[in-house]
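Letters A, B and C name the chains as they come in the text, with residue numbers starting at 1 for each one.
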Amino acid sequence: RADAPGLGWGCGRGRELSCASFGRIMRPDDANIAGNVHGGTILKMIEEAGAIISTRHCNSQAGEPCVAALARVERTDFLSPMCIGEVANVSAEITYTSRHSVEVQVNVMSENILTGAKKVTNKATLWYVPLSLKNVNKVVEVPPIQYARKEQEDEGKKRYEEQKLDRLETKQRNGDVILPVINPEPHTVGYSQSSLIHLVGPSDCTLLGFVHGGVTMKLMDEVAGIVAARHCKTNIVTASVDAINFHEKIKKGCVITVSGRMTFTSNKSMEIEVFVDADPFVDEPRERYRAVSAFFTYVSLSKDGKPLPVPQLLTETEDEKRRFEEGKGRYLQTKAKRQAQMQQAAQ
Amino acid sequence: RADAPGLGWGCGRGRELSCASFGRIMRPDDANIAGNVHGGTILKMIEEAGAIISTRHCNSQAGEPCVAALARVERTDFLSPMCIGEVANVSAEITYTSRHSVEVQVNVMSENILTGAKKVTNKATLWYVPLSLKNVNKVVEVPPIQYARKEQEDEGKKRYEEQKLDRLETKQRNGDVILPVINPEPHTVGYSQSSLIHLVGPSDCTLLGFVHGGVTMKLMDEVAGIVAARHCKTNIVTASVDAINFHEKIKKGCVITVSGRMTFTSNKSMEIEVFVDADPFVDEPRERYRAVSAFFTYVSLSKDGKPLPVPQLLTETEDEKRRFEEGKGRYLQTKAKRQAQMQQAAQ
Amino acid sequence: RADAPGLGWGCGRGRELSCASFGRIMRPDDANIAGNVHGGTILKMIEEAGAIISTRHCNSQAGEPCVAALARVERTDFLSPMCIGEVANVSAEITYTSRHSVEVQVNVMSENILTGAKKVTNKATLWYVPLSLKNVNKVVEVPPIQYARKEQEDEGKKRYEEQKLDRLETKQRNGDVILPVINPEPHTVGYSQSSLIHLVGPSDCTLLGFVHGGVTMKLMDEVAGIVAARHCKTNIVTASVDAINFHEKIKKGCVITVSGRMTFTSNKSMEIEVFVDADPFVDEPRERYRAVSAFFTYVSLSKDGKPLPVPQLLTETEDEKRRFEEGKGRYLQTKAKRQAQMQQAAQ
C-alpha cells in the first residue's frame, strides 16, 4: 500500500493528536505451541494503543486531567493468523467524539520482516470514556475533533447511538453464572467449561488503579481458548470476538474469576461465552459482581493451517438448548452480513 | 476418578468460601529448554491459590481487613513432569484453622487438552497467617471453619502442633552462609554453587507491600536448578521440596540474594540447600537478614525422560562432609517413609 | 515542536524501509520504587526498535533470509528521567550501511499524556550485523541505503571506522574476573559488588535462538543499579552507558552470569563495570566465556529529584587503584567533551 509509511501506518502530518502507531516483535510467550499468536495478545495491544491515543486527546485542552477508560469494543474479526517472530504493527486513530466518549479505530498488521509480507489481521473499534484523575467517578468532557467532511460526523453519531443501545441491552443479560458439573461426558457443555482466577497487580492497572481493559480481554481469550481446545482437542485460534461491554471497573487488589462455557458449534466454529467476575474482598464490603461478559468464536486448524470440522456440542439442559439456539442466531446473522458485504464488494 | 474435580469445578456448593480452583496454560517461559515446566512455576501457582483462598476466608466476616501471608509450606513431591502446552489445574481448599493461622491443601493436575490425559503433579499443604491491612505487624483472628467430622478437626490440630515445633527448630539453623570458592574442581560443592540478586518490584508483592511467598519459591527453584544443572550438565527437573518456613517478611524495594549449594547426592538425585537473604538497603537502617531457607531435590533426565545416574558430590571441608551426612539422613528417612506408605497401600 | 509528528517521529514518506517508531506506556514493573523507569527498560526498547528496522532492511532485497544481531551500542546518556504512566516513544532510522553492518540511530522521548509534555530522554547509535537464518555463522551482505547528501555517507564511514577500532581494543580487556571478598567494609569495592545468574529462555531470544542484545543490557543495568544502590543506599538512576561491544553470541539454554563492581566515584556519580559470562553447560562441550562487558554511570537522587553527593569509593588493592584512575580518566574525558559541545552550542 502506497499510503502506509513503514511503521507510521498512515498518520498524516498535522493530525498529531488523534493518531498513533506502535510495533512489537511477537515472542514465544505471545503464542500457542503451534506458533500462532493468541488473540488475547492482539486485543491487549489494540487496547493499549486506544488508551494512549484517547487519554492524550482528552487531555489536549486545558481542563481537568483525566485517564481514558475502555467502555466497549465492537465486534472484531481475526482475519489472518500472526506468528512468532513477526512484527505486529498497531495504528490507532480517533474517528468520532461525543460529549463524554471517544471512538478509536485500530488497525493491526502483521509484518514478516524477513519477507516483507504484510497482512491486515484486525480492524477494531473501541469506545473510551475519560475519568477524572482526582475523582474517578466523574466523567469529564471530551474536546471535539475536526472532521474532514460533514458526513464523517453524521456516520460517527449513528455508530455512537447504536452502541449506546446495545450497551443497555447487554447489561440485563448479566445475571447468569457457570455451575460446576461432576463427571461430564465429552462434548457436553460441562466437559469443556473452565475458569481461572487472577489477583490484580499494579502492572495490570492504569494510573487510576483500575484494570486495563486489554488485560481483562487477554485473560478472557485465555479461558475461551482452553474451553475450545478441551472441546475439540486440536490446535485452535481466535476467529472473532463479539462486542464487549465493560460495565464496571475492577480495582487493584481484587481477585477476578474468568469463566467460559461453550454455547454453540457450527460445522467449523465454536462460540464460547466468557464471564468476568470481580471480588473486592479486602478493603471493601462490596459483594462479588459481574464486570464483563462476551462471546468469542474459535476455529480449529490442521497442521497446515486449514480449518477442521468441529465436534458438535451436546446440549443437555433447557438453558443449554436455548443458548445454543441463540448462538445459532448470532452465527447466521454474521454469516448473512458477511455475504451481503461480499456481494456489495463484488458489484 | 470420582473425586477428581474436572477442572476446577469440583468445589461443592455451600463451600464457596473455603474452596477455589483454576487453570492456566503452560507457556515456553514457564519451562526449561526440554519443555519441562519449572518446579518454581508450579510452586508459584500453588501459593497464589493458597493466598487468594485464605485471604478471602479471613475477610469473610465483618472484622479488620487483612491479607494472608505465607508462613510455611509442607514438604511436597513433584509426582510427574508437566509440559509446555498443557493446562495446569490448581484447586485449593481450607482444611484447618487455628486462632491465628489457616491450613490450605492444594492439588495440581496437569491436563493434556489434546488427549484429555490428566495426571496429579503435586499435593501441597500451606500455612497462612492473616496480617492487618492497616498494621502489618498485627496478626488478626481467623474465622473458624466447619468440619464435617470431629476427627478432621483433631487431625488438623495435630498437624498444626507438628509444624509449629518444626518452625521453631529451623529458626536456629539459619546462621549459615555460602562462601565463595576460587577455581573449584568439577563436582565439588564450590563448583556448582550459584547465587542471584533480585530487586523486589511491585508485581512481586501483596497489597501489604511484601513479597509473595510464591515469588520467593520460584527464585529459589531457579537457583537450585542452576546448581543441579552445573553439577551434572544434563536436563534436570525438581523432584521434591522439603518444608519451607518463611520466618521474616521481605519488603518492596529490598534486594534479595538467593544462593544455593549442593549438600548431598544419591545415585539418582541431588539435594541443594537454598538461602534467601534480604537487604533493605534503601530507606531503612536495618542489616541484611536471612528470610528463608530450604532443601530442594532434583533428578537428571535423559532425552526420553528416564532418570540418569548423577556424578557423586566431592566433599572437601569438614562442614561439607557433615552436611553430606545430614543430607543422607534426610534421604534415607524419606525413602523409608515412602516404602512404609507403599506397603500400607499394598495391604 | 514543528518537526515532531505526534507518534510517527519524523518518518518521512517514501522511506518506509529505513524508519520505524513505537510507543508503550511505562508500568510499575518498568521502574524502581521511586517511580523512575529503569535505564535497562529503555535500553531494551531501543534495541528492539533497532533489531526490527535493521532486520527489515537487510531482507528488503531478494537474497538470503537473515536476522540482524546487535554488535555494538555507542555511548548513550539518559538526559531526563522517565516515570510510570508516561508513554515512551521510540523512533529508529538507518543512517549508514557498510558491506556487512548497519548503523541505526534511535531517539527516545517521554510523553506525559496528561499534560502533553515531551522530553528527549535518549539518543542512541547501534550497530547490527545480519546473520544468515540458515547458517548462523555466516554474515550476509547489507543492501546499501541512499543518502540525501554525499557528506552523510562520508560521516557515516568515519563513524564506522572509529567503532571498528574501538571494538578491537575492548576485546583485549576481557580477561578480567570479579573475585569474591569475605566480610568487606562499607564503601569498598567488595562491599557493593554483585552478580546474578539467569537461565536463557525462549522469550529472551531472536529467531536464530540467540539472546536479544536488549535482554542482555537490561540484566546488566539491573546488576549495575544494585551495585550503585548498595554503595550509596539511596534512590539511584542510570545516567549513562559507555559503548558496549557484543563480542560473542549467547545461545538459548545457556546460564549467564552478570557481575558488576564499582570502579570509580566522582562527587556526584558512580561508575560500575559489568561483565556478562555465558555458560553453555547443557548439550555443549564449550567452556564458560566472556560475552559482553561495559561501564554504567549512575547518580543518586534525593526525594525531589536533585543529585546527591556520593560516598567516595575506598580502593584497597593495586588493581582497584588502577581501575579508579582509569575511571577518573573516562570521567574527565567525558566532562571535557561535554563542555566543548556546550561552548560550540553557545557560539
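Just so it is clear, contacts are C-beta pairs under 8 Å (C-beta built on N, C-alpha and C of every residue); 3 or more make two chains touch, one makes a residue touch a chain.
Note that the structure is a prediction, hence the values are computed from the model and not measured.
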| item | value |
| --- | --- |
| Homomeric contact subunit B-subunit C: same or different residue positions, threshold half | same |
| Subunit A on subunit B, rotation in degrees - Cα superposition, rounded to nearest 5 | 120 |
| Computed distance of Cα centres, subunit C from subunit B, in Å | 36 |
| Set of subunit C residues in contact with two or more other chains | 28-29, 202-203 |
| Contact footprint of subunit A on subunit B as seen in their complex | 2, 5-11, 20-25, 27-29, 48-49, 51-52, 55-56, 59-60, 65-67, 84-85, 87, 113-116, 133, 202-203, 207 |
| Partner subunit C, residues of subunit B touching it in the complex | 28-29, 32-33, 179-180, 182, 194-199, 201-203, 222-223, 225-226, 229-230, 233-235, 252-253, 255, 279, 281-282 |
